[in-house]
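I am attaching a structure below and will ask some questions about it afterwards.
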Amino acid sequence: MENLSLLWESTGLYNITGPQMIMMSVGFLLLFLAIKKGFEPLLLLPIGFGAILSNIPVAGMTEEGGVLYYMYGGIKSGMFPLLIFLGVGAMTDFGPMLANPKTLLLGAAAQFGIFGTLFGALALNAVPGMDFNLKQAAAIAIIGGADGPTAIYVASKLAPELLGAIAVAAYSYMALVPLIQPPIMRALTTEEERKIEMQQLRTVTQTEKIVFPLMLVTLTAFLLPSAAPLVGMFCMGNLMNASGVVDRLSKTAQNELINIVTIFLGLSVGSKLSADAFLTLETLGILGLGAIAFSIGTASGVLMAKVMNRFSSTPINPLIGAAGVSAVPMAARVANKVGQESNPYNFLLMHAMGPNVAGVIGSAVAAGVLLSLVR
Amino acid sequence: MENLSLLWESTGLYNITGPQMIMMSVGFLLLFLAIKKGFEPLLLLPIGFGAILSNIPVAGMTEEGGVLYYMYGGIKSGMFPLLIFLGVGAMTDFGPMLANPKTLLLGAAAQFGIFGTLFGALALNAVPGMDFNLKQAAAIAIIGGADGPTAIYVASKLAPELLGAIAVAAYSYMALVPLIQPPIMRALTTEEERKIEMQQLRTVTQTEKIVFPLMLVTLTAFLLPSAAPLVGMFCMGNLMNASGVVDRLSKTAQNELINIVTIFLGLSVGSKLSADAFLTLETLGILGLGAIAFSIGTASGVLMAKVMNRFSSTPINPLIGAAGVSAVPMAARVANKVGQESNPYNFLLMHAMGPNVAGVIGSAVAAGVLLSLVR
Amino acid sequence: MENLSLLWESTGLYNITGPQMIMMSVGFLLLFLAIKKGFEPLLLLPIGFGAILSNIPVAGMTEEGGVLYYMYGGIKSGMFPLLIFLGVGAMTDFGPMLANPKTLLLGAAAQFGIFGTLFGALALNAVPGMDFNLKQAAAIAIIGGADGPTAIYVASKLAPELLGAIAVAAYSYMALVPLIQPPIMRALTTEEERKIEMQQLRTVTQTEKIVFPLMLVTLTAFLLPSAAPLVGMFCMGNLMNASGVVDRLSKTAQNELINIVTIFLGLSVGSKLSADAFLTLETLGILGLGAIAFSIGTASGVLMAKVMNRFSSTPINPLIGAAGVSAVPMAARVANKVGQESNPYNFLLMHAMGPNVAGVIGSAVAAGVLLSLVR
Amino acid sequence: MNELVSSGIELMLIGMGMVFAFLAMLIVAIKSMSAAILRFFPGLPGGHHVGTHHGDDLGAIAAISAAVHQYRKKHQQKI
Amino acid sequence: MNELVSSGIELMLIGMGMVFAFLAMLIVAIKSMSAAILRFFPGLPGGHHVGTHHGDDLGAIAAISAAVHQYRKKHQQKI
Amino acid sequence: MNELVSSGIELMLIGMGMVFAFLAMLIVAIKSMSAAILRFFPGLPGGHHVGTHHGDDLGAIAAISAAVHQYRKKHQQKI
């Protein structure tokens, strides 16, 4: 009898709180978006499931001794986002960017999405109930980088209490890139501009592809060492692939290692989706700012391309500027698709890959600035 | 000269104790069973080798600073059994069970193997020299679940000192399923019953397969949250596979990740096969109880099927009840084989997979009950 | 303004020290050797990149909280070298050695490279500025084993402060085997000896291949338990492969697991390439002694083969003695190639694989002796 | 010890009760779910979703037919 | 709060400045590098380096041509 | 330092002695084992045990012969 009441007191029904139920619903919503809507399922499925697991009462999976507690150590140490970056680096082909290096400026301009949002987050403090300090504002702003591992890395260093909301916002908006970007791109360009065809890219030699990551890591070491963990791991992955001498390591980094870490990273992020951290007005602020960040980044990239077009001898289709936000390779595909609406024979994909991967570098640089200046 | 005697004093021959030699022999026996007899080699080979390594004197591989000591952390935190469960979940097809949900009752009945054994372990305390407290009895009883990761998870929480013996018993008896089950199955059924042919199963839609793991984890969260880590990771793996949107994660969970963890888990379990923990009368008790547990579970499953047959409109071959102990997919194959002895055209395999996977859920539920009530 | 100067003070240019720049150059040199010269790229690429990353100022990747700091835990615990050894064991075919067991003596003789170098390191203390204690001398000597994981394992236990230099020397000289060995081999043999053709090896049964690793681990447990972690993990990998019953574990150990650990091991070794540990006169000593170690090992192996040839009924080509240093399979290929210079129809490769894998065992035994006697 | 046995019996009763209750509820839940899904989202049957290997298979078939084609061409040239 | 906004503006200016400066220097660096490499080491174009799968492909092609050969032989024997 | 050198010599002697002793014992052990196994369990020669890829190879061969068959059929239809 006593045991029966003990059993009842150990049920979830007896223990669950309203906020926990809401957070479990958020988990189910993320799973729905991942599975039925195809929103970045590789991340949002584990994150959503992690949200459910971490809000199950009694089980205590996020408390010391729980499995999600230990997994989170991989984010706290920076290990998970950096290993993902290693794999992403190994998957990245810098060829199109090296063939047309001025597209790097598009990747730079789009980072205005980050810093504009930072300003916005601070301005939002005027709204009663919102209260972001500088660290939190910087962590939120990095959503504008449109780069999951970078956002998670920065948030885990500057504002771990917002990590869950920031990661969810970052991946959700990345999935929404095909919806968010096109209207902005169309609004800021003329039909003529969207029809611009670009010169075919030259073939880049393997030597250039090998030297580039080394050059990039050196420049980072000298100018912005706070970005060195992110940029360094990315460059190492890229070098493993470009050099062609460690194919077995490169393939493992791109497949099994990144897959294993993705499962762990997703669950760990989910473990930060607890009610008290997520169910606040601030989360609404974060979601709103995230949408603004992507929009500003897209607009800045397009406008920068238009400016460059005035000074450049070779024509640049301003649509590829939108790819500067990164969100690889989705944003590049969007640029291609919007371009083909105006000119079906215009293949912008390769041209958009330049600013697209430049955006990854740009976000990492911006992350370095924030990490070194915001304390 | 001094060095020579130092060398001699550092040899195993100088340091080895009788019990260590016996435990190394146990390790060799496990390797023999794994390699020559085909007893669950994926687990028993690493466990056997772990037993050898951990009983080598001087080397101190299980002491702080030793590699097996650190590996055991993966069991202590629950990480290894839960990751195995993630992979097993990704490998599991709930289709046959969803097509014929009443077979879940067979998976429930077979768990009497667990609770009957729990009672047996406590009764065994009457034997002089046997002394199991409630926690130990519960940890031993879980062998009746015929599910390695569940047994290891529960044992590591309730009675880590018995982990080695329990894991060895669990995997050994799982390997012995084709020997233990058939006589019991034949004794409890008539030739007519064994000939019963079952209706073909309907095809299950993908949507049902996606919704089921979500439903299961929700029910667990509300009713038995102490089972949530086990059931949750299992459901996540299952959802990764069923959803079809994260195939690369699902494949990694089913292959490289589960393989890596299996090596580590086996070695870690082996590291608990030390002489002082294993060479006790209790171990004999555990081995005896393990055999009883499997037998009770098999009998309960078969008898439940016979009872259900009286009330069911569609015929149920009682042999598939034996598959309710889990031991996936071995027990289902045994049901099929015994059935074909009586009726060579009777294909019970798919029908037996229902209670078989239901048995996994049943054991996890039983584990949850034990974890929440036994303190 | 204040922020601008803060930014400047956070740059690498402001903070970098001369020694750090030199160590980064060493990293680039290693990458050059790995990529352009093909020097053991699987290890030297991650090590080289690790050297660069760990010498980036401000980033603090090797300090507590940094990602390389945590990775190094895998070397400190012995986990990484032992897991590599597990994979190497799974890749090793002891067939040629079992078919001609007397080649084990060649693998024994070549270990004189280790002990001769140990003596050399101690003698080098006579040079002003060099000051190796016994532990350091032993750690350096193990370079002569021509076996990366063994060298890293021993160095991490006896002289972690020299780990970086020792690992770099070990892998560099392994890559230089085709340059270092042939002149020594030619100098110590006559044209007639190099032409010796050897009897075809008998086929070894699978049972022998299964029993051998078990025998080896038992002998190690009884005679030299300090070598048991190394030999044990190697034997476990070998048994996983030879037994044929756990192919999925064996394949994972040989591929994904060893690849992942190689990336981590390389980065961790690189993290020990800090200026204060590497830019010392001792490093020059280590590099010099490493070359000597390989030369002595090669010579001892060849001479031993010549001695054995006097007493053996079946002819032994002395060139295969050089393969006793291990450096699997490079040294065996070198033996084959030098042999074919004298007799193009002489296929020594399989014959050289015997001493080659024997050299791995020999080095592990030597490591065990050093670990148990040097304190 | 007597107390231990009695708590064993109690655990057995509660445990088996819980297991049956849980799985019985799961049966009800599955039946409701299946009915709802088959009615509102009949969709596609399971087990047919496109796996990752699909692409590889197509690649292999392409490679094979190319090889076959190549072979035939060479063969005919010789004739 | 006013102070916070002003430091936000400052961060924005410095940050965007740094991003542009960094990527602009990277452009210069890339251009110099490409010019140097194309002049001194024209070498091979990228994207064509031998991957690990290459060997497998050759193996597959060998297997295929062997299979085709086998098939032809059997087929002719029947004729 | 003199002491260090003498302990170096001692280590060298003991170490090489141990290495030779160990590997010599291993030779004896291998020879006994091989003799015993070849006498009592002659069994199958090594290196031929069925690997996991075996199945794949068979699958590939099946796929290839199916493809070849398909091809031939289509080809003949055209003729």
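The letters A, B, C, D, E and F name the chains in turn, as written, and every chain counts its residues from 1.
In the analysis below, a residue touches a chain if its C-beta (ideal position, glycine included) is under 8 Å from a C-beta of that chain, and two chains touch if they have at least 3 such contacts.
Note that the structure is a prediction, hence the values are computed from the model and not measured.
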From subunit F, the most remote chain by mean C-alpha position: A
Reference subunit D; chain at largest CA-centroid distance: C
Selected from B-D, C-E or B-F, interface repeating A-E by over half of its contact pairs: B-D
Averaged-CA centre spacing for the pair subunit F and subunit E, given as whole angstrom: 36
Geometric centre distance via CA averages, subunit C-subunit B, whole Å: 41
Whole-Å gap separating subunit C and subunit F, where each centre is the average of the chain's CA atoms: 21
In subunit D, residues with contacts to at least two other chains: 7, 11, 14, 18, 60, 64, 68
Subunit A, residues touching no fewer than two other chains: 3, 7, 223-224, 248, 251, 256, 369, 373
Sites on subunit A touched by subunit D in the complex: 3-4, 7
Subunit D residues within the subunit A interface of the complex: 7, 10-11, 14, 18
Complex contact set, residues of subunit C against subunit F: 93, 95, 98, 101-102, 104-105, 107-109, 111-112, 114-116, 118-119, 121-123, 125-126, 133-134, 137-138, 203-209, 211-212, 215-216, 219, 223-224, 242, 244, 247-248, 251, 358, 361-362, 365-366, 369-370, 373-374
Footprint of subunit A on subunit E - complex, ascending: 1, 4-5, 7-9, 11-12, 14-16, 18-20, 22-27, 29-31, 33-34, 37-38, 41-52
Residues on subunit C engaged by subunit B in the complex (per definition of touch): 77-79, 82, 86, 210, 214, 217-218, 220-226, 228-229, 232-233, 235-236, 239-240, 243, 245-246, 248-249, 251-253, 256-257, 369, 372-373
